[in-house]
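We just call them A, B, C and D in the order they show up, numbering each chain from 1.
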Amino acid sequence: MAQHQSNPRIPVSILGATGAVGQRFVQLLDRHPWFEVVALTGSDRSIGQTYAEACHWVLTSPMPDWAGGIVVTPTQPGSSERLAFSALPASIAREAEPLYAQAGCAVCSNASAFRQEPDVPVLLPEVNPDHTSILSCQRQRRGWKGFIVTNPNCTSTGMTVALKALQDAFGLEKVFAVSLQAISGAGYPGVPSLDILDNVIPYIEGEEEKVEFEPRKMLGQVQADGFQLAKCKISAHTNRVAVSEGHTVCLSVEFSRPPSDLAEAGRVLAGYSAPAISADLPSAPRPVIHLLTGPDRPQPRLDRQFGAGMATVVGRLRPDPLLHAKLVVLSHNTVRGAAGGSIYNAELLVQQGWLV
Amino acid sequence: MAQHQSNPRIPVSILGATGAVGQRFVQLLDRHPWFEVVALTGSDRSIGQTYAEACHWVLTSPMPDWAGGIVVTPTQPGSSERLAFSALPASIAREAEPLYAQAGCAVCSNASAFRQEPDVPVLLPEVNPDHTSILSCQRQRRGWKGFIVTNPNCTSTGMTVALKALQDAFGLEKVFAVSLQAISGAGYPGVPSLDILDNVIPYIEGEEEKVEFEPRKMLGQVQADGFQLAKCKISAHTNRVAVSEGHTVCLSVEFSRPPSDLAEAGRVLAGYSAPAISADLPSAPRPVIHLLTGPDRPQPRLDRQFGAGMATVVGRLRPDPLLHAKLVVLSHNTVRGAAGGSIYNAELLVQQGWLV
Amino acid sequence: MAQHQSNPRIPVSILGATGAVGQRFVQLLDRHPWFEVVALTGSDRSIGQTYAEACHWVLTSPMPDWAGGIVVTPTQPGSSERLAFSALPASIAREAEPLYAQAGCAVCSNASAFRQEPDVPVLLPEVNPDHTSILSCQRQRRGWKGFIVTNPNCTSTGMTVALKALQDAFGLEKVFAVSLQAISGAGYPGVPSLDILDNVIPYIEGEEEKVEFEPRKMLGQVQADGFQLAKCKISAHTNRVAVSEGHTVCLSVEFSRPPSDLAEAGRVLAGYSAPAISADLPSAPRPVIHLLTGPDRPQPRLDRQFGAGMATVVGRLRPDPLLHAKLVVLSHNTVRGAAGGSIYNAELLVQQGWLV
Amino acid sequence: MAQHQSNPRIPVSILGATGAVGQRFVQLLDRHPWFEVVALTGSDRSIGQTYAEACHWVLTSPMPDWAGGIVVTPTQPGSSERLAFSALPASIAREAEPLYAQAGCAVCSNASAFRQEPDVPVLLPEVNPDHTSILSCQRQRRGWKGFIVTNPNCTSTGMTVALKALQDAFGLEKVFAVSLQAISGAGYPGVPSLDILDNVIPYIEGEEEKVEFEPRKMLGQVQADGFQLAKCKISAHTNRVAVSEGHTVCLSVEFSRPPSDLAEAGRVLAGYSAPAISADLPSAPRPVIHLLTGPDRPQPRLDRQFGAGMATVVGRLRPDPLLHAKLVVLSHNTVRGAAGGSIYNAELLVQQGWLV
């Protein structure tokens, strides 16, 4: 287990704490060994109310008692937090997150606002923990004492973990990705029920662009002042379906050096291990990838809880008539694909010494 | 309107009439201008009961009165029918349909049993009405007075109509197809509710093989004694989602002669017309393809009823980073993709003179 | 058929036309024999746009062409309409509907704003067409040239039709009513999908009060200056379930003069006919009540379309251990329980001569 | 904590282990402090296979490793088990459970087969632990060394706990109960998805009879040779809705000695404690009843996990215009209402000394 454990816990704020992702941060930080929530921020409507009053709690486990009594404050850096988890909408994140970074905070953001910036890492600890080296450049360029780190879009998350394992072993040339995404990905109130009962919505605004970009950044190389995208091209179709939690992605991939036998790809996926610095963090899933062999798996209702929602679940590995392999990837979108991913990133930053 | 109209109606049987697809045949043949149902066949459990007694009706319009009183008979050719619509399971169809063909019946089958046979056409009147020329070969080779014609698998149906329009204009090289299929495609009782509520099943047995084969047969060339498959390769992922009716398919396609502007592909889709012999049949959808321009369409709940469920609905035409174009196709799986498709085929056969 | 038929059609406005109920008005007034839509009103956000631009159409049949081109206007009486169908929210209806009534319009309202007023009828043509006699009092008291008529809440609608048949035959003392209501009853965007997928919401604000009051007003007596409520007491629990359209209500009833055999109650329900003045109007369902005998009916998906959504569907009539009878009532909430009910009311008013 | 704890664990069999309820037994007995599974029985189709091979696992947590390797055996008493948990269908339970009782086993059954027998208790440890005194009579009358104890039907379970608290305080005269039941209550494959998507089924075979009988037996008095039913009459409507787990029941109740203020009823519910012998058993929920004060609670998706699925959740306590009070009760149907209930019963039997 990681080194930090015995020290006093690090004071953290949750920005945009009353929304669906904010609630997940509250839930997942309950009794966290390293982090202690000291502030919950919200919009004008919520400020001054207790969290219990301000928040329409939508999770299936009760709100922790400690959270209910915290008075919601404005989204402005205070004196106590050293780390801020951001569940802000992108438009607000663009303004607010830099204020926290400037004030010396480490910002671990779930927002998309800065993911395309050349000096901001999109981070998955199992995939690209070395990408945090860009933070020196980020601080210098922007004159910040703190910094911003982002986790990828919820759909990019699981597929990038699986693609990383395959890229390491066989190289990646082309990726087709078609998602079947859960309604919780749109937040609350989010998708109107009339739009999704007995229905599919074959469109999620801005999502295909993210899925075609973010994995290439994470699978690429960090350099002194930016990132070189991975060479693989990605084509994405993104769909909303009547699932509460868990994004399913159908992938077809072309390798640079295809294995003679797909069983080898299966072994590569099942055996993938995180870099040492990420492997033993409190939120690290073990194993990183669950490879299911049932012909009809993974399924979101049955398989989204692997690794307490932090694991990547893969199944249906089989040949593709056009490219080399087909597979299906499942990842919990509000745990691993949102709050849990940010927390795992923060643990990595602690371990790497960025929070001293 | 077509020529047959004024003659007495052709007596037809529905084979396997008590199941979900059988019920659609009954519903769609109610007051059909050319066909009159004279027999409804069923399994041992149903024989001797009236259709009203034997059938657990699952459609949202009431069972026609004339059908409720018909006594269910065994699936054996009788003396009166000249045309048999088959809603049989594949395993039973393999035995029973040839008996009807031998007895002189035209069999229009929704079953998959004979779709791969080199002398059996898989038929969509808007796509390949000329493929019925193989029936001479079929009769001669098998010594039948009648013949068997099939309609494609419900997922192949809509995508093949759209691909035909594109192939005619630009040629087709590669097709990626990922389906989000309705539960009614599995019949009744079909998919257990525990398997699909808050869930996706990323697997439908045998379906991907059908979707990778049947469109190529329909888009290919009929020859004296068989078919030459279209050269385009197809890669398919098939998924079950919580939708009652309407299969959605995400397509990425590579053209042989790509248009300089995708708007041209839109005009080709919207302007596609059926061959003259198919265009004015009673079940012909007009237009053949509805091209929707809303950014989030087609959607099964909203758009499956276009053309009374017989039309192909296309939307989200846009560039693809790997191939040339992405699009989304929707087709009503139990109307166009099953019973309605068989009936439209039968109308074509009448028009072509195969039922004299 | 009713007398009005050959005259020129009456010009009508739809107030609040862009919402879900407003859309139903547009759909159901398409090709109406008596009424012609001349104005569609909306909120500031919509005014000046065409209806096609302003409206997020959520119905499963396409928007009529004539409607798409109408420019949305403010909700203020114009010079042309003689009849206004109101799909306004209650808070806006309270201000706007009197302006139309004052200007001489007949207002047929789906809003709850005036249902509790002693001089405003809550009207179901099969149940209480005589209640329109209060309109003389309403005009005089309020100094209006026109008037306001309301249709009941969607949950009260079907149960009141069934209760009317039973009250006429056996008298009514007590009614227990537990509803399972469709999401469309909450409008659009209405119920968030996260609140209803894999869930039940046992609460709908203000609904139980309506269901405990409105049927008693309709089943009561009209007097010169008000209404005497029916003596039966009603206890209601109202629930939201994952159904798109169709409200199901479980009823237990105590009669004043119970039949010796419940089969007699069945005959009374199945044989119930509307008063003569209501029976042949264009929107009149025939029969008024469909009595289903299957042990598991009515069901919303299968049975909501009886009488084009205007009929009341009843099933599961059986003894009650505490009161006299249990039954289940189904009614289409956005057709019969909203726009269709208002239109049927307007037809009655024409037939009664209130629109000369 | 209870006395048994330090002894070696009691060997138990699960009868009918491959079905949905059988799987819950396996899951809930994983690492149980008192019980150790030594046999899993199944039908001819499963016998001789390992449990992993024979079982289509439908739960959302993985099958325990120890269970996967057990070879499924016939449903016949063996030499090792002293306790048998029965997840058998009623028709098979009627034959098989007596064989186990005769062989000396304590049978804790989820089946309905013996619930109506005058010498078989229907048991909820928080409600009627004293009812096990009938077992002496049962053994003597039937000549068994063991005995059969049943848990109630899943819908009766939660409502009986709430009614017990109210009966103790105020007496009970009349109860109206309308259920909205989860699909998992019908087992697997159970409810076809076409029957429940966008639908309600207002009928569950045999269910209303159970709900009108079982609570009265549990709320009644045990005597030397049978039970005196509680005097309260119950009227039940039972419905199936699109919920995976958690039965919601709307209750209206008439008291013998109504409280002057319903807040007192709230205090009675929230403060209800199990009899001392049941209060500290391993599966005992603490508190017994969660009283929720949110206006729209309980909801199955949000509240079914209270007390690890063993608690009774109550909300919406309010006056009733006909009787005295309305309330809503939620209970987890496959945990508390099935396997978990049987296990809690078995713990009570151990504590009472019936398993020595």
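Everything that follows uses one rule, which is that contacts are C-beta pairs under 8 Å (C-beta built on N, C-alpha and C of every residue); 3 or more make two chains touch, one makes a residue touch a chain.
Since the structure is predicted, the reported quantities are computational estimates derived from the model, not experimental observations.
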Original post:
Touching chain A and chain D alike: which chains?
Top reply: B, C
**OP:** Sort out for me whether C-D or B-C is joined by the greater number of C-beta contact pairs.
**Re:** C-D
Original post:
Centre to centre, by mean C-alpha position, how many angstrom separate chain A and chain C?
Top reply: 48
Original post:
Distance from the CA centroid of chain C to that of chain D, rounded to the nearest Å?
Top reply: 42
**OP:** Report, in whole Å, the distance between the mean C-alpha point of chain B and the mean C-alpha point of chain C.
**Re:** 40
**OP:** List, in ascending order, every residue of chain A touching at least 2 other chains.
**Re:** 58, 195, 197-198, 242-244, 301-302
Original post:
Which residues, counting only chain B, touch chain D once they are in their complex?
Top reply: 20, 58, 183-184, 188-198, 242-244
Subject >> Complex interface listing, chain B residues touching chain A >> reply: 174, 176, 178, 180, 195, 197-203, 205, 212, 233-235, 237, 239, 241-244, 248, 250, 252, 295-302, 315-316, 320-323, 326, 328
Original post:
Which chain D residues qualify as touching chain A in the complex?
Top reply: 58-62, 197-198, 244, 301-302, 304-306
